[in-house]
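Each remark here refers to the structure printed beneath this line.
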C-alpha cells in the first residue's frame, strides 16, 4: 500500500475506467449547451472577420490608429496574446522538468492555451499590416530578385521566434496527445474513426513508442524554455529597439517575460476554473491545483510590481523631457485612470487574495486571475499607446481612440481563441489520460523526483506491488 | 505478419506472461525481438525488465541544433550578400541581430530534430495493417509473439492463457 | 491491489454514441462550411461593394468606339483597385492579353525600313516611348495601302477624329511603383528588342518578354549600373 | 523562384491560373485626336503669371502630356494634352524672383478644380436658388448681347455696372474701354482687403497713388505697423525675398524687425520684437517715435516735405505725441517707444511699413499719414533700403483702374448698393467677374439686397459663389493657366515690370477667355465699343499695348516687333530699370489741411461688447477666394495650425478667466450679428482682442468650402474710413459666449509651448 | 559620383509662410484627406512648419521650424523595417521603396521626428484634380508608408541629364520643390561631400545644428539657428 506520505488533497483516486469515461465524455457526447456556445462565439466573432475584410479593402483608416500613434490595440493585443501563450508551455515545461506530479491534470489545458494564444497572437502582426496580403515578405524565401527580409528588424526576429515557439509548443502539445487519440480511435466509429486514425498516427503503445515519447518530451521540456523566454524578450524588443520615449529601455526584456508568465498563469487559472465547471472535472482539478498556481501567481504579481516600479523609477530619475511627457500622461494625465486600474488589477486586488491562505480558494484564485488578465491587457495598452502619443517633438503629439474595427477584431479574436479552446476541449481529452493514469500508479524512481514530489505533497498512489527485482 | 497474443488485465499477469515467454523462447522457437508488448501507459518503471530501450535522440538533438544554428548564420549572412543592397555605409551583416536569428534557428533545429527523430525512431506515423488490438486502449496489456513458429503457436497461446490472459487472439496481416 | 479492469463492454452506450457521432460530424461540417463561406463572402462583398461604385470590370472594348458619357466615368480618381477580382489579378501579376483596335503590323513597317523611334518618337527624348497619333499614321496611309481592311479601320478613326484605343502591351501595375525612363537606356545603346523582343518577327506586338524585376536587375548588374531601389522605384 | 510563385505554390494554388484569362481593364472612353504634339513624359516649363492675388508675380508652369477627360462636340472622351503640373516662380522676374507664396503654389487647383463652371449656364430656378441649365455659347452670347444692345444706345436712360475684382494690366484697360461704350456705365472693383486708404495717403504724402515697394534687402531696421507683409499683404513674395536678405547673407548685418499689432500675425511671429499696441493707435505710436526723433534732432521736420505737413503739429515737433502722452492710449510703455526711436535712429537705413488692420479703422487715414510722415523723417522714401514706388511701364493703351477713378467712373460696391436700393441710378445690367461682395461685405451694406434688385446679372467667373449664384447668365472664363494673362505689378519691384504670358495649356472645359469674349461682344455691338476695342484678340491687344516697350532698354532686346513679342512671351514679361521710366510724383492733392489726431471709432458700446474684433486675412485663403482649393483647406494656418475650419483666437489668460477651453464653441456677437466658431487659445493676442480668420463660412463655393466654418465679415459693423469710403473692418467690438463644444481641426496635437528651447537644438 | 545630399534650413530666414508645404503637395502627389480625417491627425504634409510658442503675452514669440524627413545618416527607421522598404542608399538618402512596403508602420514609430506618413486610405482626387498629378512620382495606395524623398525624382532626372551631357551634377542644380519655392531662400540643397557646395559651407556655420541631435541620428537636414539682432533685445 501507500509507501509515501501523501497529502490527501492531491489524491486523484479514480479507477482508470472511470477516468476514460470522464475524460472522453465531451468527445462522444455533444450537449446542446456546446452548440449554443459555438453559435454564440461564431456570432460574436464573425463581425471581426467582416471588419478585417473591410479594413483590407478600405485601408487601415478604419482603425483608430493615426499619426503618430501608428500602433494601437492591434499591437497591444499581439503582446497580450503572446504573453498569455506563456501560460502553458513554460509552466508545463518547468513542472515536467522538476517532475512535479501534480502537474498531470494541468499540463494539457495549459499547453493548449499556449498554442491557441500564440496562433491568435501571431495573427495580429498580420492584421495590423497596411498590406496584409504581402505578409509573406516577412519570411525568408528565395525570390528571383534575391531580396530577403531585413534580419536587423525586430519584426523579422518576431517571425523567427514565433514560428519556432509555435512549432515547439504545438509539438509539445500534440506529441502527448497521440496516445490519447489512439484511445479515441479505438472507441470511435465511422467518419470520426477515420479522423482519429489519422491523428493517432498508428500509435500502438509499444515500449519503444512510449520510451521515445518520454525521451522526446524530456528534451522538448528543456528546449522549449529558452524559446519561450526568447519569444517574449523579442516581443519586448519590438518596442525597446525603437527610440521612442519610455520604450527604449533595457528592462523591457525581463519585464515582458515576467509579465507574460504572470498573465499566462492567470489565463490558465481562468481556463481551468471554467473547464472544471463545464466539463465536470471537479475530481481532477482540485482546489490544491488552484492553490498551487495561485502561489505562483502571487510570486509573479510581486515580480511584476518590482519591474514596473523599477521601470518607472528610472524614467522619473532620468527626467528626460520627452520621457517625462509620456510618464506624466500615464501617471496623472489622460491615462491615469487606466494606470491605476491596472495597478489595482495586477496587484492591489490579487495580492491579498493570493497571499491569504483562506482566500486562496478556487473562487479566490479565479477572481484574482480574472483581474490580472484585465490588468495585463491594460499594461500592454499602456506600454504601446501613451509613449507614441508623446514622442520627442511636442508639435507632433496626437491622441488615440480605438475604433469599432479595432474593438471588433479584438473581440473577434477573443472569440476565436475561446472557440479554438472549446473545440480543442471537444476533440481532445483536455486532461491527458495516459499521464493521469501513469501518475496514479507510478512509483517515484529518483531521489530528486521523490523530494520534489514530497515537497509539493504529491500523492503517489502505489497500490501496485513494488518491482519484482 | 502473423502473431499470437494475449490480453492481460493487469501488469502482474502481463509481467508473468512476459517472463514465461522469455524463459521458454528457445523452446517455443520465438525469434529474438519477436515478443511484443503493448500497453495504454508507459510501463518502463513497472519492472517488466523489458529490453533496455536506447535511442540516439539526446545526441541527435544537439546535432540538429548545430545545424539549425549554422542555417541561421547562413541565412543572416549569405542572403544579404546575394542582393548587394546599398546600405550607405551601414554594416551589411549585423552581429547582434544575426545572433538572434541564429539562436532562434538553433532552437528550431533542436525541436525539429527531436520531433523527426521521435517519429522516425518510433516508426510513426504508420497507417498500414500491423499487430494491434483496440483492447489495449481499454487498459489491457498485450503480450504476444510475432511470427510464431506455426507448430509452437498453440503452445504459446496456452502459456499466455495460463499466465492469466483474458483472451488469446491471433493476428494475421493477410 | 491493481486497479483491475472490470471492463464493461461498451454495449448500450456505444449505440448512443453512434447516433450522437453522426449528428456530430454533420453539424460540424455545416458549421465549418458556413464559417469559411461567410468569411470569403465578407471579403468579396466588401470589395465588390466598392467595385460596383467604380464601374464594372468588363472585357476590353475593341473595335469601333462607343459613344460615352460622363456618367460612365467615376467622379473621383483613386488608387483603389476597381474590384476584388482586379485586386486578385494584380496580386498575382496577371496582365492578360491586350486586344488591339487595329491589327497593327510591326513587321511590315520594319521591313519597309521604318525605325522604331520614327513612330515611337519619345523614346530618345523622354521616359515614355509614346504611341503616335492617328494623324501621324495617316500621313502615310492616306496614300499607302488604303485598301487593306485594317487601314480602312484606321481611316474611319481618323475621319471621325478619334484615336484608336491602343492597348498597352508592356506595362506595369501601378502598385509596383516603377518609374521607367526610355531615353537613358537608348542613349546607352540598349537595343529595343532587348526588352521588347524582335518585332520584325511579330505583327501585332505581343509581350514576348516578361519584364520582371529580375529581368531588369540581370541587365543592370551585367552592365554595372545602379541597382539601388530608388533608381527606379520612387 | 519567380516573384509570386512562392505564394502561388504554397497558399492559393491554381487560383491565379484561373484568372489569367481576364484581360486588362480597357479604357472605355473614346479618345480624341490631340491638337498638339508633345513628347510624352517630358516636362517643359512655360512662362505664366500668377493670378491668385493682385501682386502679379511672374511664374513658370511645368507642362507635361496627360490624358484629360473632356467634353467635345457632344461627346465625352479622353484627349492627350499638355497639362500644368507644377507652378514655380520665374527666376528672372523682378517681383517673384523664382519664388511663389503658398497661395500661388495652389493656383493649379483653380484650373483643375472639380467645381469649375464647365459650360455657359442659364438660370432656371428662382434667382439665388442656384439652379442653372447648360446652354451653348451661341445662346449665351446672344442673350447677353440682347441685354447689352439697348444700353449701348447713346444717352440710354439705364446703364450697366461691371463688378469685378481689381483688374490690373490690360484686362483692366479692356474692361474700362468696353465700358466706355456705355453711357453711365460704372466700374465697380471690389476687394475686401483693399488698400485704398494707403494709396490715398501715399498720394497725399508722397504724390504717388500706389502701394509702396520696400527694399527690405538693404534695410537695417524695419518697424511694421500691422502689415502682414510676409504673409498676405501687398506683394508678399517680393517682400519675403527681401526679408531673407534682411536677416542673413549680408556680412555682419542682420536687420532688426519690429512688428506693432495686437494679434501676432505670421509676419509678427518673425519679428525680433513684437509690440501689442491697442487697436487703432498705431499712428499714435508712429508719431510718438517721430516725437522722440524730432526732439533729439535725428531729422528735420522741414525736410519731410508734404508727408510731414499732413500731420498737425509736425513742425512744432509733435508736442502732443510725447511717449508719455500717448502711452495710456497705445498701451505701449514710454520707455519702449523711446527705445524704439533710439534704435531706429541708430540704424540706417530704417523703414516703417503700415498696412492691414491699422488702416481698417475709422482713423486709418491718420495712421497711414502718420507712418508716412515717420518714413519721411527717416528719409527712407526713394532710397535704397527704404520704400519706393514702382515705375509704370509706358504702354500704348492708357490707364488702369486707379487712373480713371479721377474721372469719376469708378464706384465702390457700397455706393453702388446704396444707389441701386435708393433707385438713384438705374442699373439694368450687372456684369460680374470674380468679385464676391455678397460674401465679403458686412450685411449692413445690403449688397445682396441691392444685387437682387438688378434686373439682369451676367457673370464671367469660373466658380459659383455667393455672388455669382445670383447671376442670370454665366459665361465662364478660362482659368489663368488657360488664357493669355498679364499683370502690371503695382509694387514689389524697384523697376518697371509688366508680366505677360501666353496660355500654358489648352482649356479643359467649354469656357471662353473673358478678354476675348469682351472683344467679341464689342465687335458685335459695334459703335463706340467697337472703336474703343479694335483688336481681334486679346493677344493682339497685348502685343499692341507692349509695342512701345521695344524702344526702351529693358529685359528684352529684339530686332523687330515680332521677335520682341516672342521673347516677351518666352520670358514671361518685360522689365526695365530705365531711369526715364520713373514717373514724377504728382502734386499732393489736398495737403492744405494737416490732420489732427483721430480716435478710432468702434461699433458697439465697450460695456456691452468688451472685445475688439479683428478679422484677418488668412494665410491659406486670403479673403476667402482660395477656400475652394483642397490644398488650402488642408494647409494649417501656421500660428494656429488650424485646417478645414474657422476658429476664434482668444488670449489664453482671458480664456482662463472666462473658463473657456480650447475647442469650446463660442458665439461671437457684435451689434450687427453673431457667428459661432471654436475657441483657439493663443498667447500671441492681446487680452482685449478677439480675432478670426477670414475666408471660411462660404454658403456656396464648391464642395470644399461650402458650409464650412464661419464668416467673420458677416458680423462687422458697416463702418467706413471716411475719406476713402473703404470698409473699416477692424472697427467692430464684440462679446463672446460659450455655447458648447466645437470642432477644431488642428495639425498639432500637443501643447507646443513645451520645451521649445530644447527641441530646436 | 556618389553624393551625400543634404539640406540646410536657415531658421532665421524662415517666415513660416508654408510655401514649401504647398509646393511639396504639388510636386509629390500628396493627397489631401478631408476635414474628418485631418481632425484625426491623418493630414499628410511631408514637410510642415512646426510652430513653438515661447513666453507669455506680451513678451511672446513664436518659432517656426520646417520639419521634413531628416534623412538621417544613422536612421532609426531603417533597421526596423523587415522588408528593406526603408533603407539607406549610396547617395545618403533614406530611401522609401513603396512597392516593398507592407505597412508595418514600425519605421514611423521609430522615427523621432514623426516625419513619416502612412496612407490610411486609398487617396482620392475629385476629377479633374488628378490631372495635376506629377507623372514622375508614384501615387501611393493604401497601406504604404511615405515620406519626404528629397524629391528623388528631381535628383534622378538631374543625374540622367548630367550623364547625357557627360558632366557632373552642378551645385544647386538639384532643387527639391520646397527649396525651389522658398521665398526667403531659407532652404538650400546640395551635396555635403563637395566641400565647396553651398550646403557644405552653410553646414560649417556657427549656427548649424540638427534636430534632436542628442539621439545620434546624424540628420542630413541641418538647421541654422535663429539669431537675435545686434544684441538689441
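Going in written order, the chains are labelled A, B, C, D and E, and every chain counts its residues from 1.
The working rule: a contact is a pair of C-beta atoms (placed from the backbone, for glycine too) under 8 Å apart; a residue touches a chain by one contact, two chains touch by 3 or more.
In this text, all values refer to a predicted model and were calculated from it rather than measured experimentally.
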Length of the shortest touching-chain route, chain A through to chain B: 1
Chain whose averaged C-alpha position falls nearest the assembly-wide average: E
Identity of the chain that, by mean CA position, is farthest from chain C: B
Two chains joined by the most C-beta pairs in contact, as defined above: D-E
Of all other chains, the one whose Cα centre sits farthest from chain A: D
Whole-Å gap between the CA centroids of chain C and chain D: 48
Chain B and chain E: spacing of chain centres that average the CA atoms, whole Å: 64
CA centroid of chain A to CA centroid of chain E, Å: 44
Residue list for chain E, restricted to those that touch at least two other chains: 41, 50-52, 79, 84, 87, 89-90, 93, 100, 122, 126-127, 129-130, 133, 136, 142, 211-212
Where chain D touches two or more other chains, by residue: 2-3, 41, 69, 114, 641, 748-749, 752, 759
Touching two or more other chains - residue numbers and ranges from chain C: 2-3, 5, 7, 73, 75, 91, 127, 181, 212-214, 228-229
Chain E residues touching chain D - in the complex, by the definition given at the top: 10-13, 15-19, 21-23, 25-27, 32-35, 38-39, 41, 43, 45, 48-58, 60-65, 126-136, 177, 180-186, 209, 211-213, 223-225, 227-230, 232-233
Contacting residues of chain C [partner chain E, same complex]: 73-80, 127, 174-179, 181, 183-184, 187, 226, 228-231, 233-234
Chain A-facing residues of chain B, complex: 11-12, 15, 36-51, 53, 55, 57-58, 61, 75-76, 79-80, 82-83, 85, 94, 97-98, 100-101, 103-105, 107-108, 110-112, 114-115, 117-119, 121-128, 130-132, 134, 136-139, 142
Chain B contact footprint on chain A (complex, rising order): 16-17, 20, 140, 145-148, 151-153, 156-157, 160-161, 163-164, 167-168, 171, 175, 178-179, 182-183, 185-187, 197-198, 201-216, 219-220, 223-224, 226-227, 230, 234, 434, 437-438, 441-443, 445, 464-469
Chain E partner contacts - residues on chain A that touch it in the complex: 58-61, 65-68, 70-71, 125, 128-131, 134-135, 137-138, 147, 149-150, 152-156, 159, 238, 241-244, 388, 391-396, 398-399
